[in-house]
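Take a look at the following structure, please.
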């Protein structure tokens, strides 16, 4: 039974496994000082076109978020994000566990606006409240939506003018960058944020996120924080080899593009069948609204998450495609809908 | 130039990579609910001979220590360990970062004794001091030494009588269990501690430690803590497959035995050459004392850590063997010494 | 210029200062083991009618909240409270600083309901989210409203059935208990919560809150937590003497009743002048809605906080009365309104 | 039975209580914005002769230490202090509870040296260890000893050259400054440290420590930290009035001088009786070594702490004098010894 539940159901892209095989018995330094990690970092700097950034390879997204935010903020400083933000709802209070409040603002589409950030600043003006200091966005968002370049520029400029750190969670960044409507490149992400990460766990790696720190002030002693949070792998080569391969010949973007294409194909089939969507997502997560009895029927042939009740008869479901989604599975799903 | 610097210089045992390859495109549930993880946990329970334990697979040792200790203790409770304890000196204050003091006692051989623990209890009697609550040991210790079964029984009984949690770091547990002098089994480790972990990163895996929790009180909600510390891998299969393979046909112990044998061979050669040792280690780390000019000469052909100055002419070095150490490298090292 | 800004503008009730004077040169034990503290605790137990409770005297409200909540919860557990809750908005993230998320629910009147708590439980069902564990209420609320006995009973029963800790912030508890509509006694507060505190800073003391812990599980080692948070005063007598005096001859309730009476007088005068209120408060904080030009005029003769804009011409202000408010000041304010 | 157990057995100096009485019914702003606090801060700046410092009044010593150190350090940074340091042994892990390791060095007299600090730096050189960042001293030390001006200058210069913050706990600072051998002034303390506090709880106040921050970098947003740790008193006037009075006409130094004089008198009498001392203390704590049967006899007439066993027949006791110690009590103790 094919699963559209998420984009981490399979192992890794075969090229990654091959690279692991080939390098396996060569001795390397530990803790990220291996040649693969150093090479991967070089490739990432080259792709971004900025040699002054710091790049750290970390195993997972929550770990990257808590290590970065925990390192960037002083105890009284807080994060601001949308109410559906991953750090706000799906990281078991990992940020609060590092001591920092996560202030949320409502957002229908998973995106934050400067107006919403300003509202938070207006409500936090003295020492009886936390001090909002870091704006957390994700691109794409938890709802699959993406920021346009001008939206990012606007938020970036606003944050700079207010002394706020702009931090972007890029767990699915490949899909945002490869979306047709995007126009945002890796270089833009770097230029417009203080720090962001390039997710690989959800784009063909076994595990791994590449954290990019551009803001000079935030770079200091960062490896201490990685170690302190338990995120410094002895065999850092495992991360290095994967990113080396993903950024070889553009594999990373190829995989993200495939995921997006499969989502578009699925979306097209659903639209043809007259189906509406909860939100308009140009990336690899889509949220079609279906009649409940159709959902029940589909559940017998496919696996996916029910997302939310829309009315008494209809609900939105979440379908996630990935680097590994076979076109046949998508076509079969469409056939099932249309029948 | 062959490196005896550590036991994580190579990738993984080929059987592990093969297992990753074979299972790669099969879709699995995320976050440790995959069939491999469930199967690995079953195997571990069977080997220990206790179906009532909880087993969690976690990426690294520091991460396991901070997640477990952070979950087990209330804010005012502290750990007790020897002054060379990994949590005391080589985890960048990860335990303190979770809010808990690490109280150290001096130990010449890396092992703690009930007398030392009692000293700590005597010095911490009211609310102006922290409350010692968890005894942290590692087996083998940071110096390669191991606890005998009767030593462990003695510490275990003492801890029980004082209401202390006994927690064992088993980053190199395979080498302790497979040491000739040991007599300690996985079942003993489980019977005599409240929780302990079985390390694989240093015994042939890419990464992974299996945390075993026996004490009923400590089990509750543990997955929340794993997630909160950023230690819950989306592709938990990566850990599951590795432990599945390591505990298939006794591979785990085979690898540890090989590491020990290579160390014994090395040790024998060094002894034959009249060499003394800093400490008597029956596992895969040895600390020979050599003349400084000999060390300089060896450094041109091998890589290893200088450990500590012994006198003006001599220093101890650390040599680590592993599952991957070829007999030839050991023999070459011995020839070099003897020449 | 008389200030209605808050209930901590003056020093302490004269009887308290006299008691400090009289006992001043008598040597006492430190850290709360003095005879006054022990006596105050006895009086509180007697008044509540429960000898099995633990009582701790602590300097301030935020300190009491963070010490109690930090002690009561495990790292992955969270608080639930209304969006205006003091811990949510006016304690500078003190609770998050102890590692715990504060989940808020909207409330128009500052009171929580079992329905709202159930909504939170429904949204937090697995280890990817925090675990709601403690319900924080304050009585009176930040808006001056109070819980009826049946409301408290309903919440209490609900919490018990769900395994939730019910904790009540009683910074102004005297005013809640002495409100005509209340019907809630100190004994009720103790019977219906797991822990609560009796505030004195805002009811005639220089400083001091009496934390009452009824739930057996929450009592253990609590003095360690007080000390660890820096809340254990060397001269605990300072707190002991004040509570001793406040609970001598019912002074505590006398002072709270006076504060309430002054608020009722003020409220009556405002109502007579045709004034509406933001919320219906039976305690010592009231929120009249006034025309902006009247507010400006009043600001020349009195000090108070502007609370929120109601429409283009009108705003709500906050007027706080206290144990120290002279009737004349109230009458003058009313005259000013009515003129 | 007179107690030499500590210097916080009585209430406050009568002038302080009078000042509280006189100002009692005057309305003041809350949270340290009252006129008394502002006036006290002015006086302290004047006495130190530096208008650029920040001064904050905080209720207790542990609270001041944890608020300051928690605010000054990033998560991976650690404190260095002697093994008898108050933060190391008598604050229930308050510093660790803010996330920071306390590294201790052995010291026979409670004083740290640059050599000892350098040893710590040598042992902490990469990201696998914490980063030593703050040196904590107390003056006088826990053993009553004091730093000379040249010792402080030496440590101060060393810390500056190594990028270390120098922080001084002055719980009994008056006694250090007023000691005959001292030569250290309040201005020196400010000039030679990055931050320090002037203790009043142990020098005649009901409670209160004045934290002085000189280092510009450490000043930012400090009131947020005070509030977040629960240390911002609503009635800040209570602290303001006390420091105002203590620094009026030199009362603070008068009280400390009295405490020292009483200790010298006691010391002289003990020396005349042939008694030796554990350590040579010029302040208000002394540690005479007495025969055990004499100690037993003394315990029937006076209260004091047994400090440590010296040999089978003798132990050191701790005698503490204070601003409130009557000369008669001292003379009676001496008579008792000499008889």
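Here the chain labels run A, B, C and D in written order, and each chain numbers its own residues starting at 1.
To be clear about the criterion, a contact is a pair of C-beta atoms (placed from the backbone, for glycine too) under 8 Å apart; a residue touches a chain by one contact, two chains touch by 3 or more.
Being a predicted model, the structure only gives us computed values, none of them experimental.
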Inset, instruction - Chains touching chain C and chain D alike, please list them. - result: A, B
Inset, instruction - Going by C-alpha centroids, which chain is farthest from chain A? Tell me that one. - result: D
Legend entry - Averaged-CA centre spacing for the pair chain D and chain A, given as whole angstrom: 50
Inset, instruction - Compute the distance, rounded to whole Å, between the mean C-alpha positions of chain B and chain D. - result: 43
Inset, instruction - Would you pick out the residues of chain B that each touch at least 2 other chains? - result: 75-76, 91-93, 97-99, 127-128, 130, 224, 227-228, 232
Legend entry - chain B-touching residues of chain A, taken from the complex the two chains share: 2-3, 5-6, 8-12, 14, 17, 20-21, 23-30, 59-67, 91-94, 97, 201-202, 206-207, 224, 227-235, 237-238, 324
Inset, instruction - Report the residues of chain A in contact with chain D in the complex, numbered from low to high. - result: 70-71, 74-76, 98-99, 127-128, 130-131, 221, 223-228, 232
Legend entry - Residues of chain D touching chain B in the complex: 75-76, 78, 89-93, 96-102, 127-130
